[in-house]
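Structure first, commentary second.
Each chain gets a letter, A, B and C, in the order it is written, and its residues are counted from 1.
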Amino acid sequence: MYGQLIVEGLSIGACYAVFGIAVVIIYKTSEVINFAQGEMAMISTFVAYHILNVYGWPFWYAFIGALFFAVLLGVFIEVCFLRPAKDPTVLGLIVITLGAEMLLMGLASWKWGAEQKDFALPFSFHKTHELFKGVVINDWSIAVFVMAAVLMIFLYIFFRYTKLGVAMRATQQNEHAARIMGIKVERVFSFAWGFSSLIGALAGMFFAARSTLDPAYMMEPFLRAFAAAVLGGLMSIPGVVIGGGILGILENFVGFHWPAWKPIVAFLVIVAVLCIRPSGLFARHYEKKV
Amino acid sequence: MKGKGRFWAVLFTISSLVLWTGIGLCGAPGFDDKEIRIAAWGPQTGPAAPWGSVARAPAVLAAMINEQGGIHGRKLKHFVRDDQYNPAQTKVVVKELVEKEGIFSFVCGTGSAGGLAVKDYLAQNKVIWVGPATSVKEYVFPVQPYLFSVYPLYEDEGSILTKYVIEKLGIKEIGVVYQNDPYGKNGLDGVRQRLDHLKMKAVAEIPVEATEKDLSSHVLKLKSAGAKAVLMWVHPTTGVVLVKTAATIGYKPQWVASNTLSDFELMNKISGGLWEGIITGAFMLPPDSDDPRVVKYREAAKKYAPEERFGVFFMAGIMFTEPLVEALKRVGKNLSTEAVLKALNSMKNFQGVGPKLTWSPDQHQGSDSIQIWKCGPGGKTILLQDWTVNELAHWKKK
Amino acid sequence: MGDHFRVENLSISFGGLKAVDGVSFDVEPNTIFSIIGPNGSGKTTIFNLICGIYHPHSGRIILEGRNIVGLKPDRIARLGIARTFQNIELFGNATVMDNIMLGRHIHMKTGVFSGAFMWWRGSRAAQEEIVHREEVEKIIDFLDLQSVRDQFVSSLPYGKRKLVELGRALALKPKVLLLDEPSAGMNTEEKEDLSIWIKDIREDYKVTILLIEHDMNMIMGISDRVICLNYGRKIAEGLPQEVQKHPEVIEAYLGEEDIFRHA
């Protein structure tokens, strides 16, 4: 049973991690926790749903379409909501993202209604494979692991070798200096939002396949992804991935032994990390790395 | 600057005076020679909006009645307000309806927190409330003079479903998943009531929060406890996540759920077909039934509210309103709140599309029985057991 | 008036304080042009105006015949103006090499997709990278930074960091290079090296240098022309020796630490 718990914990943890990466990318560039992150993913998933069920196109068209939409949405929010704010305070930025969150949720309720919808991925969770005796893994989990791994490798190459990735890192470290180096900082911000929105949409579709699709379905996963990001120090991509894994396993163990306590594990993790080690579990490790 | 400030202060004072006196003066009687005004609140937007269709359905019943000339010459006028499932908002919309529109009786009314927030206000203003769209013990114990409940108690449902599982299905290993709130706990109480009676014990009792999306540990716990039947009093999404998660690890118990998860068409769709074979309680005839009364409502809904899906929640809105209409008919031309209260209080074994209803001045919990359904292929309803009474119900023995 | 680099009647004020007040000057190509003046006289503000961090309330800044006022800093960088900061602005969590490499940013063509194939030696992106690296290695050699090339910038002493910043600015291959107190925090020996380097930079990179400095030895030694600011206004302009003797300049520096004594 514990083997199965670990598999389940790691697979949901990987999903939190992917979503947490989206949170981290925006935090690193704009220095704001984007409270609209969940709803951006929600709307993008609804777009996939719409393409699938209203236009009746094949899944991969819907998938690509949703990712494309997600990028536009992220850029749109950055350009239209964040950029106009002149010298915003942290609180001001948070209020802006909260506003965007409410707007998106209202929009989804209006367009698709609040009734739950079914959103399926081609990776079925009915199909299971025996890992070793008594421990199974399903296609959904395998797909999540593959997605997380591919994303990690991609991000590594991206930040290391591409002009834009390097520009992003430079902007994170010193916006002033980046500008003077000729880096189009505005473009970097827009890109970060678009990119983060895309990663969020990926995770959003996986979450929807696990439960149901409705305008509020990403609120809970956002909290967990945020906890994973906090565990990892909010700044580090490897950090959030490890944080997601830890959170997933921790939640599942607590949920197995004391189900009533499970919902507050994420809260406790956030509070504990912020009190004891605000820079996250892997702060030192990270500082050397970049 | 100063002048402006004074202007606003004066405006504020005047407007609050108007509002205040308005509150004092109004409170229209709720009916006149031409119409009787009824109303329902319910979430029309936000996460709970799927339950909001209950509040809209009485309009169909009103249209049916009005087409035949109304009740003793008076037409029914139905108002719907969106409270977003937020008790503060429920208060606002109910106050507005009572004081500006003048409401004779509320019907339905979704959400226990919102209902609890307004029930005393309604009683103070002598506004009747029939058929809350949820079962809450505080609505009926002790008796609230203006509030008449139709909805069977989750406790009775739990007891009846448990009995069915043990006696008809022959399953003794019972697990329970319950939402960590009065709804879920009442269901759990019902299961315990039956099990205690049979000197048995559940193999697992697991609380869950309505918003939770990852339930792997819950399901693994059920599996490792060896539960062969799992009874659940949870949010529809929670139910779907439970069933999906169980499928991922090849765990296949008999799932049994509360009537709040009996909208098979919806549940089967959002679970990707996994709802098939699941047993639930039910508080009325199936919406896809051939019963002539149901057929009549279904046709009327198609005519008056073609955009609505005629599912369990929508039809329930009609069912909750039936007894009020019956009482209005019995009262006759000389309409008054007192007369309708008297008619409701003497309702005995009235049956529309819901359970048999009996109200008396000291008992406003109208029913003690449920049906048992099973979700068939494509979300079709299979009737497993007709109206069944909970013979253990403690509230009936005095 | 030359069209190479020119500032006309430049003014900006911060909440009533006229930080820069009607300053004009004209810089010949490939010369070293120094700006001196007491603390708070508006020197750094002029640099911030030139590279687009601030926008002047009036005046024009002409680079090769074109008014660059109103352009964004990244645009101005691409047009060929690079700078160093008085209070070093480096990418602290990156190595010396990486920092200087960032100076090459505007010269890179690599997009996201081709960049992703950087690891493959034969790719165009890898070829391009090699060219940029050579350029950067030259700068590292030139500024004598080989020993620290792979160290994190945040771990370096102040003087070295100033050099990294200079190297990074050079990597942009600018037409005009703005140096804001480059010798601050250096000892006499390092300052002498720096003087030689600045002269070499002008020769090797064919660049025009605007220099803000407090060290009068250095100013006298390497400047082609000098202006002096006081309270945001230009009070003197000319050859180094002329400005040094200018009565208003001497007056402006009274009360300040007496830097002229060393000159």
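We adopt the following convention: contacts are C-beta pairs under 8 Å (C-beta built on N, C-alpha and C of every residue); 3 or more make two chains touch, one makes a residue touch a chain.
Fair warning: this is a prediction, and the values are worked out from it, not measured in the lab.
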item: Of all other chains, the one whose Cα centre sits farthest from chain B; value: C
item: Top chain pair, ranked by number of contacting C-beta pairs; value: A-B
item: Chain whose averaged C-alpha position falls nearest the assembly-wide average; value: A
item: Whole-Å separation of chain centres (CA-atom averages), chain B against chain C; value: 74
item: Averaged-CA centre spacing for the pair chain B and chain A, given as whole angstrom; value: 37
item: Distance between chain centroids, defined by C-alpha means - chain A, chain C (Å); value: 41
item: Complex interface listing, chain A residues touching chain B; value: 1, 4-5, 8-9, 12, 106, 109-110, 113-118, 120, 125-126, 128, 136, 138, 140-141, 207, 210-212, 214-217, 219-221, 224, 248, 251-256, 259-260, 262-263
item: Footprint of chain A on chain B - complex, ascending; value: 43, 45-50, 52, 180, 206-209, 211-218, 220-221, 223-224, 236-237, 240-241, 244-245, 247-250, 266, 269-272
item: Partner chain C, residues of chain A touching it in the complex; value: 154, 157-158, 160-167, 169-170, 173-174, 176-185, 287, 290
item: Interface residues, chain C side, partner chain A - complex; value: 51, 53, 72-74, 77-78, 82-83, 85, 89-94, 101-103, 105-106, 108, 110-112, 115-116, 118-119, 125, 168, 172
